[in-house]
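Read through the structure below, which is laid out as structure tokens, and then see the notes.
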Amino acid sequence: MWERLPFSEYVVKAAVIVFGLTVLFDMFRQLTTGELTIALIASYLWRGLSYGLIIGLAGVGLSLTYDLLDFANFAHGDYITLSAFAGWGVAYLIAGFNQFKPGSLLFLGVGGAVYPRDVGVSVTSAPVAILFGLMVAALAGALLAIALDSAVYKSMRGAGNITLLIASVGVAFVLRYTAVYLFTQQTFGLTIDSWSYEVSLPGGTVTITSASVLLLFVSVFIMLGVHLLLTRTKLGKSMRAMAANQQLARVTGIPSEKIIRRTWLIGGALAGVAGFMIALLQGTINYQIGWTLLLLVFAGVIMGGIGSVYGAIVGGILVGLITRVSLIWIPASFTEATGFAVMILILLTRPAGIFGGDAA
Amino acid sequence: MSVQDDPIANRLPDSLVGYWESDLVKIGATLAAVYLLYLIAGLLLGYGLSGQLNSLRRLTFLIVLYSIGALVVNLHWGYSGLFNIGVVGFMAVGVYTTTILTRPVAGQNPTGTLSGLGLPLPVAIVGGVLAAALVGYIAALPSLRLRDDYFAIVTLAFAEIIRIAVKASELQEFTIFGATIGTGGGRGIRTYPNPINQFFEGTGAPIVDAVSSTIDGPLVSGWTFVLTLTLVLVCVLWLIIRIVESPFGRVLKGIRDDEEATTALGKNTGSLKIRSFMIGCGILGFLGIIWQGSQGYISPGLFVPQLTFFIWIAVIIGGAGSNTGSIIGSILFVGTIYLGPGYVRRLIEKFISLSGQATNFPDALGMLAGGDVSGILLYTLDQTSALRVILTGILLIWLLKRRPDGLFGNRREMASSIDIESRVRDRQSSDATDGGRE
Amino acid sequence: MSDLGGVDTQLLEVESLHKSFGGITALGGVTFEVESGTLTGLIGPNGAGKSTTFNIIGGMLQADSGAIQFGGEDITGESPDYIARKGLVRTFQMSREFQNMTVIENMMIAPTSQRGESAIQSITPGLREDVSEQEEDIFEKAWEMLELFDIDHLALENAGALSGGQRKLLELARALMLEPEMLLLDEPFAGVNPTLEKKLINRIERLRDKGQTFLLVEHDMDMIMDHCEQVIVMHQGDTLLTGTPEEVQSEERVIEAYLGENVE
């Protein structure tokens, strides 16, 4: 709508700064009294970073399609879920190849056919399986995104953002309950204990798991790749141009359907990676893992600014850090709520986010 | 004049079209058709009188409740342009508040479980509705500054925050200002006795005895409750019609159509949106109270986005903007997609003998590879709850592509407390007889 | 600006409005006054800043600096609905009728302070009757207005189904339902046939004679010069001059400004 008086913006910004300072102050206070230790803070930061990287990776795809096609893809969480199942099914298949029925392995031993301890998958004990699984997850995500675009969204290109949103909700539920159909509502254990590194810090130790290390490497690798893609390749430049102005891009001869397809491809692949990694990190998977992430992914994307890949990653990391570090003050049950509350606050004060252009 | 693009009217013989015009007839006919379907299914399944009555009772119960939900979503979205996908959250606020307010105070608790504030049920219900309206007020504030899809995300976030709050172990039981109350956390909490059940267990018992030779006892209180709920639906419909067919409703329509233009005409759109949202959320709170609350036990797992999704499909089938559409959409949704799969399964199980058993999908596939269809068929039929959602999703996508207005979405329900249409026609015909325009 | 407390016939006083979008200055100090009870024209080549000025006066945009007084009250920075309720109403260049509502509903939504806009009054049994009474009055007024504009035969049509010219008429008729003290008309005759245009301007003149004030943006120079008492000329975000049609027509600067652009 129209512009509002800047006065309230200043009030809110001042309030945020005051709040931030209070929080830091209290953190130092707790450190001195011993309620809080450096080790604990470090542990929260590390876990927050890991969680945040996953949210960030998932957010890239959401942010790109939100900007390009101007609709909030509520099915994105379920792209994450299904591609994670695909990736882990393959990982299990490879890891347990000659020992169990392929069908049971592919479906993660649903119904008690196979147990994690039998298959013995972890980063250190079955690296090939993990790596293959990761790639399959990325592939599955990409294919799923493109297939759904062709089947559902392509014929609705001009439909308006709310109609597309509602359609994506329909897609989300179809996908989620297809997962239920295939895998039931069971939560599957996936991994066995693996190598981890204990770092000694004042007040305790911080456990760095092999999964989180792998995640870090994979994320950096992917972020580098995406950065190169966006800045060095023709596709990347076209994507950025299209995001800025769709009609203009079409007129200047950049084929937009191709760009759209490739955007889905990238977004879907990253969703697959995010899904595989969150399952690896948690050690479990079920039909809701993507959905439970989705609102936080939205939070990250909104915080970072829709349309900005870097924004999505930074926003995701911020969300991850906020939800973990807030454990210092807020009971564990409410950490997600913290993320949502911050998102609502951002929407009210600076809907464009950190890297975003002009306001909504 | 604008053409009424009514797919069913186009297929009826002329003699019946006149009757079809009336909304009541539309609703009645659809309901009758669905009833007939279920009676036939019951007959095929060998239900006796009690069985049939119970089947229809359950059907009507869900239809009425979904109708109320759909009417609210229609008020929010179809009339005010507010995209609320946090519907279940407000239902949860209503029923949890009422439960906490009415549960016996510590020490007077016969079952020895969670205590509450011990208020009488009617008072607690009012409290629950007000609480839901209040949360609705808070949730509506962002709508003043956000466009539809961001607002939708905010409503979803609110619903999740509410679900997290009632699930949190920290709030399971706590003491505040000397009173011990709680939400029951993840395990849930017992709600309150259904006054109608209580009546038929006490003073009304003779009635039950009198009919118990022909039908099952519980059906008496069951059907009485459903009829009471139908009365509630009528009241909600009355309320919403009065809201919608009034200057207030007219401005809401304007807001949905073009909010900036409405503001340029001097209307305080923000205040109106908030009021509309609050009223709807209050009704949703009441819906939670009579729906989940009446079943005796609530837990966070009941208030899932799936339910919001189902209510929305009812609205979309019927067509956003039409109250009649919302009710008919609910009838069709509950009758076909929601309860349908279960009946189909029972019918197939009864008439087609299927051997083989598959408890999971890979096994079922294995059987299929071996040439045995029964495994996959039985497995699929077992997955009724998943099937429901998948069917709903596919229907939603199909509707959005082919018929986004639903059945009655492009109808004209005039927003005024007086009958504008007939007044205009009177003027226009008198102009014509006056010899036309100058 | 008159602040002597005497009879102030300047209904709208705009002082030194500045507005930039990004690096581009749209308005660089727009100043003018509109006298009460006049039909005043606002002209200028494309890009002069007329629409931006209207948007700022109407409250849809905030000026970076400057002041606006309406009826002696400072309305700078107020919300659009507040300004409309105060009696300063605008129409839009691209007519913004409510497409999914009928013409008659479009008309009846307009009047301010309707009893029925309170939900409680519309719902409560006794109070609803009072609302209906007012609805009858509003209906009568709306019907009269529709007849005045010759679109009463379209009363039950959805506004979205009307032709361009008919929508312009509806926009104007609807704005008049607010009984505004002053009406900002943004190209109200675009797409309207000349006979109807003549009829409309006569109606507007009659309303002007009864005391309403009109500020009109139009490109039809003959129409402006024939009917307006005052003409304000804008050019490149500035007010070039204000004067009677004769003064404006003969002013060289105006001719230059227009010659610099493609004008009809």
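Chains: A, B and C, in written order; residue numbering restarts at 1 for each.
In this text, a contact is a pair of C-beta atoms (placed from the backbone, for glycine too) under 8 Å apart; a residue touches a chain by one contact, two chains touch by 3 or more.
Remember, it's a predicted structure, so these values are computed and weren't measured experimentally.
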Middle chain, criterion being Cα centroid separation: B
Most distant chain from chain B, judged by the mean position of its C-alpha atoms: C
Where chain B and chain C are represented by their mean Cα positions, the distance between them in whole Å: 45
Approximate Å spacing (C-alpha centroids) for the pair chain A, chain B: 33
Chain A-chain C separation of Cα centroids, rounded to whole Å: 50
Multi-chain contact sites of chain C, meaning residues that touch two or more partners: 60, 80
Sites on chain B at which at least two other chains make contact: 260, 263
Chain A: positions in contact with at least two other chains: 2
Touching residues (chain side chain B, partner chain C) in the complex: 1-2, 239, 242-243, 246-251, 253-254, 256-258, 260-269, 272, 275-276, 279, 321, 412, 414-418, 420-421, 423-425, 427-428, 431, 437
Contacting residues of chain A [partner chain B, same complex]: 1-2, 4, 71-72, 101, 103-104, 106-107, 110-111, 113, 152, 155-156, 159, 161-163, 165-167, 169-174, 176-178, 180-184, 295, 298, 302, 331, 333-334, 336-337, 340-341, 343-344, 347-348, 351, 360
List of chain C residues in touch with chain B within their complex: 58, 60, 79-81, 84-85, 89-90, 92, 96-102, 104-105, 108-110, 112, 114-119, 122-123, 128, 131-132, 135-136, 139, 143, 150, 152-153, 155-158, 161, 174, 178
Complex contacts: residues of chain B adjacent to chain A: 83, 85, 142, 145-150, 152-154, 156-157, 160-161, 164-165, 167-170, 259-260, 263, 306, 309, 312, 316, 359-363, 365-366, 380, 383, 385-387, 389-390, 392-397, 400-401, 404
